[in-house]
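Labels A, B, C, D, E and F are assigned to the chains in the order they are written; within every chain, residues are numbered from 1.
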Amino acid sequence: MKMVLTILFILSLLSLSHASVVDFCVGDLTFPNGPAGYACKKPSKVTADDFAYSGLGIAGNTSNIIKAAVTPAFGAQFPGVNGLGISLARLDLASGGVIPLHTHPGASEALVVVQGTICAGFVASDNTVYLKTLKKGDVMVFPQGLLHFQINDGGSSALAFVSFSSANPGLQILDFALFKSDFPTDLIAATTFLDAAQIKKLKGVLGGSG
Amino acid sequence: MKMVLTILFILSLLSLSHASVVDFCVGDLTFPNGPAGYACKKPSKVTADDFAYSGLGIAGNTSNIIKAAVTPAFGAQFPGVNGLGISLARLDLASGGVIPLHTHPGASEALVVVQGTICAGFVASDNTVYLKTLKKGDVMVFPQGLLHFQINDGGSSALAFVSFSSANPGLQILDFALFKSDFPTDLIAATTFLDAAQIKKLKGVLGGSG
Amino acid sequence: MKMVLTILFILSLLSLSHASVVDFCVGDLTFPNGPAGYACKKPSKVTADDFAYSGLGIAGNTSNIIKAAVTPAFGAQFPGVNGLGISLARLDLASGGVIPLHTHPGASEALVVVQGTICAGFVASDNTVYLKTLKKGDVMVFPQGLLHFQINDGGSSALAFVSFSSANPGLQILDFALFKSDFPTDLIAATTFLDAAQIKKLKGVLGGSG
Amino acid sequence: MKMVLTILFILSLLSLSHASVVDFCVGDLTFPNGPAGYACKKPSKVTADDFAYSGLGIAGNTSNIIKAAVTPAFGAQFPGVNGLGISLARLDLASGGVIPLHTHPGASEALVVVQGTICAGFVASDNTVYLKTLKKGDVMVFPQGLLHFQINDGGSSALAFVSFSSANPGLQILDFALFKSDFPTDLIAATTFLDAAQIKKLKGVLGGSG
Amino acid sequence: MKMVLTILFILSLLSLSHASVVDFCVGDLTFPNGPAGYACKKPSKVTADDFAYSGLGIAGNTSNIIKAAVTPAFGAQFPGVNGLGISLARLDLASGGVIPLHTHPGASEALVVVQGTICAGFVASDNTVYLKTLKKGDVMVFPQGLLHFQINDGGSSALAFVSFSSANPGLQILDFALFKSDFPTDLIAATTFLDAAQIKKLKGVLGGSG
Amino acid sequence: MKMVLTILFILSLLSLSHASVVDFCVGDLTFPNGPAGYACKKPSKVTADDFAYSGLGIAGNTSNIIKAAVTPAFGAQFPGVNGLGISLARLDLASGGVIPLHTHPGASEALVVVQGTICAGFVASDNTVYLKTLKKGDVMVFPQGLLHFQINDGGSSALAFVSFSSANPGLQILDFALFKSDFPTDLIAATTFLDAAQIKKLKGVLGGSG
């Protein structure tokens, strides 16, 4: 009898749960986004699949000159992270592989080495260089917005997963910004002190114009 | 004369007020929301009524087994709080009434007792239990995301108003999460160490399946 | 036997709770504070009393010309709110009582009327005035930083509790800023267009110099 | 050959840049905005012109009684600042010009004097008045939400640029809030202690009703 | 010659880098912390070792009844994450291992399966249960503050790394909060509807009093 | 008489102002800082001088190869900005002067040209280059963390003031990070594809080792 009454009456508490269907905001990429991220998919259409992503389970193709691959699970690939202040990526580095110098303009990064050995480093605003050789299970953090890199100088392939303090950390690869863009050569030379010949050589490699 | 000139010329300052019609963002629930809350109602359609809410003036129905009722004024009920980082709720507890153990995933809570006596408590991450008996006029805070409860162990009914550090604090009632959901009994047993019989009994009461 | 094993071995999970004694940050006002609030009291010295405050249970003295009193429970009075993004205050208004025009520079406010009737209002950046007469149980919100007031134009005393979206909302009372300070009269006149006689009269009342 | 390979294979890194086209969120004012700002213009339609604004290059008209003009470059005028947490404005003050007492409800302000001399000040919550006379090149900050003013008491015109810690700082001019609005005279009198005659006089000047 | 001049004169730019040694804030646990985290270690004493942590490289001991172990790298264990808005942990689950139902009051979580198969799930505020079986390389996110669990129902051991959107995510294990604390049995019964016998049985196992 | 009473009784409101002396947090650099900034100077020792800074009134020395100078007014130079989410700097560029490619890891930037003509640009994560030629009075924004530069390609000197969306925006000058540090040449070569000869040449100029 007590239970029956409970069933009948505890329902009065029920309505207030409806107010709180804002635990998450799975991104709906078909609407315009805002400064805080993508618009939210209707909760009624959200399923468990929205919170999981299998794209990082596939090794990236490292049969290239940098012998490395980055596979992101940011808000654009994995809308479940939208609004949660976190995202992920997978780094595959064959022996000798390099993730070139880059920044994430909007997030700090945490890296965990899952296989192999990785030498990683970042440069602080006072130009101090912090370098570490990381083995399996080691973690390292890269503070927001600073230039950093990962390199596999070991004899076997390496695998790492990285996470970010934002659903959309951004990624600016130094070489791409300079040499894969239409950044005019004379402006690059003037603002980096690199020789024009060096700039043109790398633009040739990476496909930049200007 | 001076005044006339003022009228004429001070208008040059006027235009800049138009830029600042972003003092508030009354929620328009007909548009998709984003991670930061609901879209804003057009300022021209906003009236004083948008900033007030009378839903908390009505006593909740406590004629139930828990002898209690929660009436929320979150963003979904009271769109005027959207974007303001604050919201409210009303707690009615008849003698013996209980607001069962619950969390607000996205906000801290402040409670003020307006009538009667309330015993309230929360559990911290280190499993310390903080308990207080609060009388009329006393306030208590419950840090974000921690399990807490309110109980009226006095002889007369109690009334409290609570506020939250978010327009959408969320509300996860422990018993509902476990026993009013389709959380499979074997998974509940495995992840809470509760006996299956206990789980099934409460599922029977609260209407959970699985 | 199973239980004994559990006792013995589940302890391996225990250590990780120690990491999370950062659920709260009860303010320790003896250390220098920072931009985010007061330093945290050591968790080992925190008790349930730190999270409750009885100072709002005492009616403020309204035997004064404004026939009103404000009793704050901000971080300085109630260190338990430090870092939680919320705080409270009590408003007592005798019949005819007035909380003069003021702002909270760092927080939005939510008000709930507990007794009597209160006329409240705020002015937006576009100079629209939003006015509401609130009766017992009604709530109203005042967006961050905007000029607002509360007035009891009813025949009996009124009581309200307010909460803020910050542990330290600040409070700037317009009359005090102008007439209870050493703001030079000529500068007030120049920047408010008030007549010098009016300024001097109110400085006389409120004790301002300059 | 090495370069050719690089061209071919480094493309594997290319795809991940697509994830990060969230470096900025130029405001699209045709969509409803949200608590965090305007919706974002499609990145493909964004040009360099979106990030620059020439509206502050034109001197404001100071041929008025206050002998001053404010020209804002907030999110509404300069959508490129949307989501960046910063915005700007230009202050022109003829000799004797005054920017009347005002607040920015949602931002702190930094001012740099580019020409002439400016006396500026703000009032803190404890009614302390902080006054400074600033000459060319001097900077001053005004903490969020506090009443402040700028006045040119020098013999020649002055120019300053101000920036804000928000793309939409808001602007509440005290005199406009009181005397250019429909704030009822009796409520102003009750909540500011100003004489009704003073209020009516300034309403006459500024065009307020009520 | 040009280079010599550069050496001599470019130094004028040097000084400004000193201002920016606030790229990071490695935690100094000997000072009182604040709401935003630990005090910062002096930059001059910071080395690359502060940004790396090898504690997650060691498998947790799963020779226990839950057949699982959690190893945190939060701010308290890994001070390099302080202020960066991110932290990590390692989950070891033997076959049949379970990370019991828990919440992180202050952070969202992202999990990546590195070895084996993990069934994970969380319950939303509307009592919807989201369940996924994750294999090696799969990732899943758990929105802030919601009850969730991980279980290894496969035949071999599983390993996962998790990251959090806060340097100090907190961790509240449901069973510990209820049964490993001094939460009085009658209050638990009243606020969870669990039978007293069930509560006492689990308190016996986990060591709770009251 | 009324006034006397007011003096006597309005004092009851006075006490609450004490709670709100948290309008600002002028940095005290003698205490350890935290993730949110420097510790606050005692309000009783704060004067108007703390909120103003004259260091930007002095032209930087541009008699150097880059023909430019940057003078910061960040939290370290101008403690008044601490906690306010804003800071400033002055840019002097002689004819032909260049502020080399750099990032601010923790802030967006807004620039206003006060004298002369400046060509400025930034590179987005998708390698698009946004370039603008700005004349006196023009403003431009540079989104957080992205590589950008300023160059004076006009015939006369230029002056600009910049502001940032943080009291401590940080500053990472690309050339200094690479060539004025002890970043090993082989690691630079591996992570930037620059030729070793080019790296060594610039290290010679800028004084880098390794």
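By our rule, contacts are C-beta pairs under 8 Å (C-beta built on N, C-alpha and C of every residue); 3 or more make two chains touch, one makes a residue touch a chain.
By chain, UniProt protein names: A, B, C, D, E, F = Germin-like protein.
What you see is a predicted model; the values in this text were computed from it and never measured.
Within the contact network of the assembly, the step distance from subunit D (Germin-like protein) to subunit E (Germin-like protein) comes to 2. Counting C-beta pairs in contact across D-F and across B-D shows that the higher total falls to D-F. Annotation: the subunit A (Germin-like protein):subunit F (Germin-like protein) pair of sequence copies touches via predominantly the same residues, more than half of the used numbers being shared.
Centroid distances built from C-alpha atoms place C farthest away from subunit A (Germin-like protein).
In terms of their C-alpha centroids, the spacing between subunit C (Germin-like protein) and subunit D (Germin-like protein) amounts to 27 Å. For this pair, subunit C (Germin-like protein) with subunit E (Germin-like protein), the centres built from the Cα atoms lie 34 Å apart.
Inter-chain centre distance (subunit A (Germin-like protein) to subunit E (Germin-like protein), centres taken as mean C-alpha positions): 19 Å. Looking at subunit F (Germin-like protein), residues 17-18, 20-23, 33-36, 105-106, 121, 124-125, 127, 131, 143-146, 170-172, 176, 193, 205 sit in touch with two or more other chains. Applying the touch definition to all chain combinations yields A-B, A-D, A-E, A-F, B-C, B-D, B-E, C-D, C-E, C-F, D-F, E-F. Across the interface of their complex, subunit A (Germin-like protein) is touched by residues 98-101, 103-106, 119, 121, 123-125, 127-129, 131, 143-147, 149, 151, 170-172, 174-183, 187-188, 190-195, 198, 201-202, 205, 210 of subunit F (Germin-like protein). Listing the residues of subunit A (Germin-like protein) that touch subunit E (Germin-like protein) in their complex gives 6, 17-18, 20-24, 43, 47-49, 51-54, 56-58, 73, 78, 80-81, 84-88, 90, 107-110, 112, 114, 121-122, 124-127, 130-132, 134-146, 161, 163-165. By the touch rule above, subunit F (Germin-like protein) contacts subunit E (Germin-like protein) in their complex via residues 32-36, 60-61, 63-66, 68-72, 74-77, 89, 105-106, 168-173, 176, 204-207. Touching subunit B (Germin-like protein) in their complex are the following residues of subunit A (Germin-like protein): 2-3, 5-14, 16-23, 25, 28, 31, 33-40, 42, 82-83.
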